[in-house]
Amino acid sequence: MTQRIAILGASGYTGAELVRLIATHPDMKIVALSADRKAGMTMDQVFPFLRHLDLPPLVKIDEIDFSGVDLCFCALPHATTQLVVKALPRDLKIVDLSADFRLRDPADYEKWYGAPHAAVELQAEAVYGLTEFYREEIRAARLVAGTGCNAATGQYALRPLISAGVIDLDDIAIDLKAGVSGAGRSLKENLLHAELSGGTHSYSAGGKHRHLGEFDQEFSKIAGRPVLVQFTPHLLPMNRGILETVYVKGDPKVVHATLAAAYADEPFLKVLPFGALPSTRDIAGSNFFHLGVVGDRIPGRAVIVAVLDNLTKGSSGQAIQNANLMLGLEETAGLMLAPVFP
Amino acid sequence: MTQRIAILGASGYTGAELVRLIATHPDMKIVALSADRKAGMTMDQVFPFLRHLDLPPLVKIDEIDFSGVDLCFCALPHATTQLVVKALPRDLKIVDLSADFRLRDPADYEKWYGAPHAAVELQAEAVYGLTEFYREEIRAARLVAGTGCNAATGQYALRPLISAGVIDLDDIAIDLKAGVSGAGRSLKENLLHAELSGGTHSYSAGGKHRHLGEFDQEFSKIAGRPVLVQFTPHLLPMNRGILETVYVKGDPKVVHATLAAAYADEPFLKVLPFGALPSTRDIAGSNFFHLGVVGDRIPGRAVIVAVLDNLTKGSSGQAIQNANLMLGLEETAGLMLAPVFP
Amino acid sequence: MTQRIAILGASGYTGAELVRLIATHPDMKIVALSADRKAGMTMDQVFPFLRHLDLPPLVKIDEIDFSGVDLCFCALPHATTQLVVKALPRDLKIVDLSADFRLRDPADYEKWYGAPHAAVELQAEAVYGLTEFYREEIRAARLVAGTGCNAATGQYALRPLISAGVIDLDDIAIDLKAGVSGAGRSLKENLLHAELSGGTHSYSAGGKHRHLGEFDQEFSKIAGRPVLVQFTPHLLPMNRGILETVYVKGDPKVVHATLAAAYADEPFLKVLPFGALPSTRDIAGSNFFHLGVVGDRIPGRAVIVAVLDNLTKGSSGQAIQNANLMLGLEETAGLMLAPVFP
Amino acid sequence: MTQRIAILGASGYTGAELVRLIATHPDMKIVALSADRKAGMTMDQVFPFLRHLDLPPLVKIDEIDFSGVDLCFCALPHATTQLVVKALPRDLKIVDLSADFRLRDPADYEKWYGAPHAAVELQAEAVYGLTEFYREEIRAARLVAGTGCNAATGQYALRPLISAGVIDLDDIAIDLKAGVSGAGRSLKENLLHAELSGGTHSYSAGGKHRHLGEFDQEFSKIAGRPVLVQFTPHLLPMNRGILETVYVKGDPKVVHATLAAAYADEPFLKVLPFGALPSTRDIAGSNFFHLGVVGDRIPGRAVIVAVLDNLTKGSSGQAIQNANLMLGLEETAGLMLAPVFP
């Protein structure tokens, strides 16, 4: 039976990506789209690339009748989100793409986002949406919190290694290279083509990036002790894709074998042969994640390179994967689109 | 019943694009892939973005058993193609993506491609693959010749206008802006990122581009008299997409109304409201074509802007659309993928 | 003797480009920089690429003592400019980069810019800054109005042809491809890297672009009768450079010979051999202009392709060239920097 | 007195960059240009962006009369270079841009470049061309070996720290992001615009990149003990520029102070205020190097980000800086060109 879908915050990139993916999803149909400041417009006025679709008009959230909605994707900014989700029907299935329900501890939320959480009880209810590691909880969940796109990439590279105890927990550095769509449709000088094209720079360096909250929460939980990683993000002149280069201390072959075993049966997570490294160009537009491991010339050190599309596997594709589980659909439904190359 | 598909020349961009599209096609399965110089390799060695697919290995053409093939896509270079197709079984359905069977008149072929045609009888048999204008012939055809990507874009903009007699046939100029994937995976200095990025230039200007052969053949046929257009191509620092700006003399509103009426029921051809113009970013990765018309300040002159993705609607998507017809499938099967933006 | 230079509006791209060029100019020294909203900041806070220079701080215009200034560049938005220039000392030499003094007729200004001109007497005084065609007037001028970057490109391609009477004046079409720096540092969605990269689109099509006011004024003056051209601009995913493809009716060889003769002694205007066409990548960052002519296959039609860097020859480089003349310096002083390639 | 300059290997990017810079050098004049496979062509046929210059034609090396040459830049591939330099007059001043004379120990050369050195005596004579650290030796040298562009970037970030003993020598990781012009004008699929644009990937990871030979040689010499760094290069979709993110263990404030003190008087090396980080867009086309330091949230760890233009400060600009010293000219002569932005 076709599932009726609402998308709140449809005028941003992750909202548009949800629409793109659902357009060819066999079991989902969009019945409502909200966009506060653009209410009254049609989706193709905001995103002409969706012109061929027959979509409901953009409305304000309170104009939506949620009784006819099976699942609601929430693609709103953080802070706003917690207020909106709090006001939604308590039996409505929700996949949230914001940062508001990723951190379980209210103190952690306040530390990283600079204000107390306004929906602490929902924060406790929410399941962390890293599908491959929370599959059963997600299947049973009402509210799933999509992960940060950078946080997803790093966790795929590191969780099995921390679980298996095969790397030094006190010396992990993640050097991230991110495409600009991760910054959303925000109007800033350094996101202009004239300024970004042909340039790269680091941002939120030195342990200030908010996705560190997720790394800390998850890695410490797995390890059973505090784990702090170094995380240095860079903005690149490309649109889609994240490449993370992860420096760990451990036996490279063991690192590779541990990851390869962990993901052997995963439909979206692909581990390359030892020594081969992936490129963002090979996952753009898709829900696939590629990972490679190489040994450094210094014995006992391994370099892991992991890539995914921040808008798809890092955000909207992940959200649909989780929604598929919550709705009892095939986990991969609508998500097997091949990457777009070149 | 799933149709068994072979792709000859699978190691080029159009071959890879066929695989990308067929990956989620509900009624097609790839049973053979050829690539002469890369025979023996697997497809993911040549195109890592296809890593998630279970594909047959790359072989030489003569290793393929065509008795198990329902339809064969031929994505080989021109000149080579005519020799290969000539040697294929005479009852095999073929969609050719090269230039070899686009021109019906052997003299035209020789004029534009500089050598006599080696399979003149097949040239006569081939149906020109501009789907929306040759639908019934394609449905009945055994051999369909895919159009040039530039030629398709210009024909969509001009055919209904020439048919309807609403523009001056002696004063048509097409200024084309093309993404670099149209040049294929060829290794040339001006296709290097270092040289193309941040630069644009004209090529084959002054009436030398081979797709003019198609324009001449088709426009003259429709008009019942010789029609020669001006055609000036430019290479742009982008990967996918063609934008053609077409300068015509005629009433802009009539031009718009004629095109809008012609394409009102077409699933892939979208005419924007009068005065709105399209962008390549809105069709990338998809089989959609967008067209807009604006009136110039000089009365009696109209400017048409048309866009499509050269690898999809301009080549491999068009090929699948034609194959769908030849195989009795739904014309849009596997082709409703939304564009990828941003 | 070193000339003391002020730049008003130093926080935009053309202001920064003036600083870049003056940094190695042998006879100019920057003594004042204004930027209203960024007053109090240093230039390297606004433009870190100028970090190595010892520059005056950004101030408000009324903080500048113009008695110590030999020449003032005004790089402010149009409309604002006329009010600012009106208030400057009447004996101050000024090169204006805005649109405010390009059109001589107040009615033309109002037609294209939508409001009456507030400094009509200065409008009359201003000399149009297309250096190669107004050299003597500029040498004697107090106030020079820099041309539009698109307008400069098209005029270089067409003025000698109109003067010589070798083309049909009623059938001229200019198809422009422009890099994004021409849009300035303005924050708009379609200037974001995520939206522009990989995409191209037309804008102000159909005779709405304001630089048409300059084309009309200048071409009609040369021809001694009204001349209206078609002008269709496109925005490209590149930062610097304009390429204009100009369609004219006339003998291609005569067109070429006329242009080659006109520019034979010009230090910055280079005409390529007949049949060769230029690329934007060959003039980026420089004050050079390249032009090529090719004959169309239709007899009596020529295609001209012309390129320049919109920020340099199209704006700030042109401004310095004019300033050199006004200050009695060598015309090419500080402007012989080679293009940056790749 | 104007110095007479020859450039061997003028048809590559570093050769062209030498010509670009010398074009406005006050004390140098190009008297000979070689390019073996393109001998007989003019420079503007190979590089149209140099069209405005009056340059000698491209010839074969043995056609050059070196008696009229004051200094020769050698921009040839490694391995070829050592044979060519060996055959040049023994009193000719030479700045070599290849890898052939960077490593002092013949065994090191063989280890990293896979073949014995054919001019061991010249290898011993050559001075390592990292100007700021070998200034006096370079002034007196006849043969200077330009550094690797990646090696220069990393050494600027690390040498003062190793000298001062303020970081842990056993835990240094350099994560490099490099623009594509560093790969030269070579024709490879992954350097095509269609493949690189929108994609990034790691290469020579795990300690295989040849510039490690330089790091090892120099850092071990300074430390007086073996120092091995981790070095992981990535290719980015940009043309000019290198950004290196260097992970060190040491007090961040001390790290910053040490670097700031070391470069306080350097004309080309700029250290940003503590906590500020540089971008490649701010040095493109120039001989400037920008460096920033930030402290990680983990105490005792610092992140250094350093940028330069691989073709200028990393190669041809450095070469001219060295040539200036060797010829008794002002060290900065011809090199104060501001970066090109945007």
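To keep things simple, chains are lettered A, B, C and D as they appear, and every chain counts its residues starting from 1.
Keep this in mind: contacts are C-beta pairs under 8 Å (C-beta built on N, C-alpha and C of every residue); 3 or more make two chains touch, one makes a residue touch a chain.
Source: prediction; values computed, not measured.
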item	value
Pair exhibiting more inter-chain C-beta contacts, A-D or B-D	A-D
Relative to chain A, chain with the most remote C-alpha centre	C
Rounded Å distance between chain A and chain D, as computed from the means of their C-alpha atoms	39
Approximate Å spacing (C-alpha centroids) for the pair chain B, chain D	45
Chain C, residues touching no fewer than two other chains	13, 181, 192, 194, 196-198, 237-240, 278-279, 281-282, 284, 342
Chain A - residues contacting chain D, complex	171, 173, 175, 177, 179, 192, 194-203, 205-208, 212, 228, 230, 232, 234, 236-241, 243, 245, 247, 275, 277-282, 284, 294-298, 301, 303, 305, 342
Sites on chain A touched by chain C in the complex	13, 180-181, 183, 185, 187-189, 191-194, 196-198, 237-239
In the complex with chain B, residue positions of chain A that touch it	13, 16, 19-20, 23-24, 47-53, 181, 197-198, 239-240, 267-268, 270, 278-279, 281-286, 288, 290, 336-342
